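In what comes next, chain A is part of two complexes: it sits with chain B in the first one and with chain C in the second one.
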Partner chain A sequence: MKYEWRNLSADRTPLTITLLLGLALVYGGWNGWQWVSFQRATIAAALGEERERLAAVRTEIPKVEAGERKVSAFTDPRLPQALGRGPGARYVVMPPSALGALAVGQSDLYPYYFKVTTGSKQTFLNSDEIENPVHLLAGRFDLAFVLLYLFPLVILACSYNLISAEKEGGTLALALSQPIALPVLTMGKLLPRVGLVMVLAVLLPVVLVGLGGGGGAEVRLLLWVAVTVAYGSFWFALAVAVNAWGRSSPTNAMALAGLWLLFVVVIPAVLNVGVKAAYPVPSRVELIQATRVAGDAATRQGAQLLARYLEDHPEMAPAEKGGAPDFGTVQVAVSEATERAVQPVLDRFDAQVAGQQRMVDRFRFLSPAIVAQSAFNDLAGASADRYQHFLAQADEYHRQWRGYFVPRILKKVMLSAADIDELPTFRYREEELSEVAGRLGLALVGLSLPTLLVGFLGWRWLGRYPIAGA
Partner chain B sequence: MLIASGLSKSYAGKVALHPLDLRIDPGEIFCLLGANGAGKTTTINLFLNFIAPSAGSATIGGLDVTREPLASKRLLAYIPEQVMLYKNLTGVENLEYFTSLAGGTHTAGELAGFLDEAGLARADAGKRVGEYSKGMRQKVGIAIAIAKGARALLLDEPTSGLDPKASNEFSALLQKLSGSGAAILMATHDLFRAKETGTRVGIMKHGHLMATYATSELGRSDLERIYLEHMHD
Partner chain C sequence: MKMALLIARKEFTEMLRDGRFRGAGAIVFTLLAGALLLGWQSHREVSAQHRSAQEATRAQWLKQGKKNPHSAAHYGVYAFKPQVPLTLVDPGTDPYTGVAVWLEAHKQNEFKYRPAQDATAVQRFGELTGATVLQLLVPLLVILLTFNAFSGERELGTLRQLYSLGVAGSELASGKALGVAAALGVWLAPAAILGSVAIVAASGQSEVVASGPRVAWMALSYLLYFGAFTGISLAVSAWAPSSRAALMILLGFWMGNGLVAPRVASDLAKSWRPSPSAFAFGQQMQTALAKGSDGHDPGARAKALEAELLRKYKVDRVELLPVNLLGVRLQDSENHGNEVFDQSYAALWENFAEQNRVHQVVAWAAPGLAMRSISMGFAGTDFAQHTHFAKAAEDYRRMIQRTMNDELTYRATSTGGPYLAGEELWNRVAPFTYTAPAAGWVAERQAPSLGVVGLWFVAGVVTAGWSARRMRVV
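Then we have the complex of A and B:
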């Protein structure tokens, strides 16, 4: 081992490419850190704006009550239809997880905070997010990207000629004339490389999370390390298996480059295309169009919709009868009608997304890169599952919000400053670790089984390795 | 010590070594002579278990090399035509590395002693092997055999390309090792070296061991004549 390490360090190529991997990991980590800092700053700004706005409402209501300030029916903060749609609105936020800086995943594709109002769900789900389209198309250069794409390349570059170089250099025959089996010799050559590359890939994320104060995330970090080691082991096993064929170093390099391309680029791309073809998702334009059409139709029918709504919900009817319904009460019925009209599009969207996820889950084991990516996203809180978990909570909170305001709008209740503190509040509940651990357990099995299979094949082929001759 | 019994090797129907029966006792240096492709290297590779025999067996110290490959390799040392070592390591480091593969642990003094015994100058032992001549590398190969206490040596054209002085030194080392009881099988093209160093010679042709002679019974020019006679088809 000592001399293998000396040999390895004398050859500058593995050290140089490992150093480059280290730099890429640092840059990826920094990039992820920037994204998380941006998310935290955005959330802090949103919550700050909410605090200031609610404080302003608290001071304004007594002034309006005292007649010191004149307000219209649309801006009177005491009116629930006005307060619930604007000044009283609350943010629901999904904070970045403790390992958020390690993998941006799809977190830059989806909004991580919404301003919940008494309007329909679509008005806050698809409000006003703006993102750099280049980022959306290419994804971010984060630490997970480096681990998924570059880490295997560095492993292969360090070990493509593990045995072939010994054979070509003439040292293999001399070594195997000693009482040592080729698999044992191969392990002796492999371990320093594993140490060099794996330690770097494991250590940098741990340091990054440590610097970021990732306390309480020890189990997730441990699982992150386990996924990294399992993913790296697959590529080392593959390099050994290809070496065990007994071909020349250039042939090994070509074969391993082809396998990298297959597992990291081709299979994920084909699966992506297949998933989109099998479960096409309705476009956002279609959703916006449906919302507009439904909204316009509902607005035109305004008063009729309210009458129908009150027939369905007699307990909501105001105490006094007669008179034209006001804008706020009509708006409640319009929102409900719009939401009902758009729901089929949303359901279709959800069904298709769920179908896509099912298909990815079924076929992800074809590529260790997909398995590792899902696991990294899961651990970093950037997975589709965590986002759905957040959306479900946002939806639930929206229902609570409307459950608070709608009866008060219909019953024409006037709110006081003290009511501001009674408004429903949102607190994000993180996914249970047991849920994540279940998915990760499957991912670790999905990474370990091919590693064991390839390792076993490599071990078998090493037994037939052509030491002498071509 | 080295015994081949009906040992043969075929590749895809082509016979590389016809059934070979050969016994080399401790203290013997058996030189295999023959043209390229005669089956000399195949014989050595079969004893090393680098290739599997098609039939028959090869044993070293009574151990079948295919059934007990590691145990049989504890008894042997191999010196190929080019002893290829790790260029970035010194002679001593290479010696330590290869003997450690055999499970040996030696002090720095012992390692220096093995290289001394193999004839490598002390000043050269600490140099990187990248600076070594072929003769110096062969001496490291011999030092590995000495350190291992090998009872059987397999040499595949070890003096090819060596200058006469280095070749002579190498022969002296072999005689010393054989004098200490090692059985040596050496494939070579060098008739002179075979006559001077070997105790017996065997002539191979097209995978057959055509004849064996005791070198003590041969005159200086006899071997060349006999060899050329055998080479005529």
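Then we have the complex of A and C:
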């Protein structure tokens, strides 16, 4: 092993390749870091805007009360229906997670903040980040990309001729004439390579998260390292097995390149097509139409809806009887009715996407790359699951928000400056580790089992390796 | 030439008999055919959904009942992005741009609902589409067929024999290239026929005519691209010390070109020409809208407008105006809004265009980027054509606003009660129609990328010929 290490240091190719890997890792880490900083800055700007806006409302209310400022019923900040629809709105934000810089994942596709109002969900659940679609199509050069695509290639490039080169150089028979078994020799040759590449792949994420002051993320970081090592081990095992097959170096290279293509490019693409065919999601134009139809219907029956609504919630009925219901009160009933009517359509979309996800979860074990990708996304907080988790909280907050405003709208309460500080606030609760841990445990098993299987086959084949001859 | 054809025939026969090529070719063909069929199916479904939604939104507009024209303007209509037939070959950026935009009063909205949001993370490995197969897998097939074209002969010692027979290097190179082309043709020609049939089946009558030149441009570009890969592969095979080295170099180039370069280009473009966050973009637009283009507050702007009207119609009181002040004021605010939107969106789109120019620069080193751009362009699924549609939709929105506001201004002049209009007015707004730009429009915009692919083709041919003439024989 010591000699192998010396050999490796003398040979320029593996070193150059590892150096390139190092550079790619640093560049990927930097890109992820940029993305996280961008998100943080946007969130800070949004919260700053909210603070200023609410402060302005707080100073405006006394002026309106004193009659110093004339306002219409649409803009009177004392009216809950006006305040809750815009000027008083608060943001719900999902900050990037401690490991956010490691993988961009799906986080560039889903919103990470919403401006919650008393309007229906469909009116504010759309704050997509602006992004050049070409970039979304290409994906990002982040750490996860380097680990998923390039890291295996580096491993294969370092070890495709692990034994075959010794054989072709004629040194294999010589080495084995010493009291050493082929499997031991292979391990001795393998370990320095494994050590070098793995340390490099693991080191940078640790440094990056450490720099970000990732407090409380130690377990996640540890899991990240475990996934990286398990994924890398699979590729090393594959290289050994192909070597043990006993073909020439070029054949090994071809075979390994083919396997890489199969696992990293072909299987994911085919799986993607498969899940889309099994659970097709209709175009969202259907949702738009459904929302519109429901909205039109609700608007037409606005007054009746309100009457029915008040029957269901007599406690919310205004104190004084009589008088035509104003715009604000009807609006409440209309937006709730629209939301209710659209919900089945939304559920249908969600069910299809959930079906796709279930199928991916089941079939991801066909390719370690997919297993590793979803594990990386989970750990970096860039998965669809975390977005759903955020969405549920946003939904909950929206209910709270309405719970605050709707009774006041119906009872025609006038808000005061002091009430501004009483508006419900939002605080993002991170996914519990236990929620992620289950998925990750399965992922680690899904990575280790094929590794063990391939490793075992390699071991067996090594036993009958043709040491001499073609 | 005769010799080249002879060599081509030998190569062709040899490849057809090679089990590895048959296997690889069959896989690529199956993937391509599968991708085209699935593309066709999804195109058929989605375009039907969009068509019926477009009809529904029109019906809703017409049947919205009696309303004040400005309420109708607020109600608005939706514009749904039509699916062009060539989407089935290359969906391009379509999954990552919204499918619909709401055309309402006061506001140029963003497109909503990106289809990719309704997919799993596996999508980010890359979709299996005709374009993916053509851009990634076919070049790989070319490499596998050619990497040992010269180096293999040299290693077997047959290269020396060939030269002793008086075969010229360039003849050998063109023969090999023709052989590869013929072998590829065996798989690609049926796929191309299949694709064309699917496109014709997916097109309406007018679309077939429009698709023709686009398909021709696209096919030609792909042929040049494959030609470039063949040339490079042959050149590398001639120059490399061994078949193994040739394969390594070519696989490295393939990786860099197809998988690494698109991402690197994206990140470079993002850091060199950062685009604003949606939040900053919205805020900046809000501020501009609130301020008014002349920097005065809207109150002053409204007063100035009033004074101007009084002067124009030579009356001294608003009540005496022959026009409805509200209508004039609404149109004035639309005009101001339009200026702001024009500026904001022009700046944003220019920002994206600059980012795409970064991609074009990287494309000189990685022609795959240029090919991707050309392919999306002629498929009609690139960002330029998205904005072309967005502009058409925005023009339509402005037309609706003007029609509604004019109605208020010139017809709603009596003061008794709110003014209500009906279906007659809604009918005066013609239905929204959109014509995608012609192939020439695309070609003009894709000129730099076409240049890159063309140049790589020429370079491939020249270096292949040149290397074949000067390569080591033993």
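Annotations
Note that the second predicted complex is superposed on the first by the 466 of 470 C-alpha atoms of A that agree within 3 Å, B and C clash if a C-alpha of one lies under 4 Å from a C-alpha of the other, contacts with A are read in each partner's own complex, and residues count from 1 in each chain.
Basically, contacts are C-beta pairs under 8 Å (C-beta built on N, C-alpha and C of every residue); 3 or more make two chains touch, one makes a residue touch a chain.
The structure presented is a predicted model; accordingly, all values stated were derived computationally and were not measured.
With both structures placed on the common chain, the touch criterion links A:Q373 to chain C but leaves chain B unconnected. In the superposition on chain A, A:T171 makes contact with chain B only, not with chain C. Taking chain B and chain C in turn and counting the residues of chain A each one touches, the greater count comes from C. Once the two complexes are laid over each other on the shared chain, residue contacts for A:V265 go to chain C alone; chain B is not touched.
Using the contact criterion defined above for the overlaid structures, shared-chain residue A:L185 touches chain B, although it does not reach chain C. In the superposed model, A:A277 lies in contact with chain C only, and not with chain B. In the superposed pair of complexes, A:E49 makes contact with chain C only, with no contact to chain B.
Residue contacts after overlaying the shared chain place A:F145 against chain C, while chain B stays out of touching range. For chain B in complex with chain A, the touching residues are 41, 45, 48, 50-51, 69-71, 73-74, 76-78, 80, 82-86, 88-89, 93, 96-98, 101-103, 141, 144, 148, 154.
Within the complex formed with chain C, the chain A residues making contact are 27, 31, 34, 38, 41-42, 45-46, 49, 105-106, 109-110, 113, 126-141, 145, 149-150, 153, 249-250, 253-254, 257, 261, 264-266, 268-273, 275-277, 280-289, 292-293, 296, 349, 352-353, 356-357, 360, 364, 369-370, 373-374, 377, 383-384.
Contacts from chain C toward chain A in the complex involve residues 31, 34-35, 38, 42, 45-46, 49-50, 53, 56-57, 60, 64, 78, 80, 92-93, 95-100, 110, 112-128, 132, 136, 140, 243-244, 247-248, 251, 255, 259-260, 262-267, 269-271, 275-281, 283, 348, 352, 355-356, 359, 382-383, 386. Residues 3, 6-7, 10-11, 169-171, 173-181, 185, 467-469 of chain A are the ones that touch chain B when the two sit in their complex.
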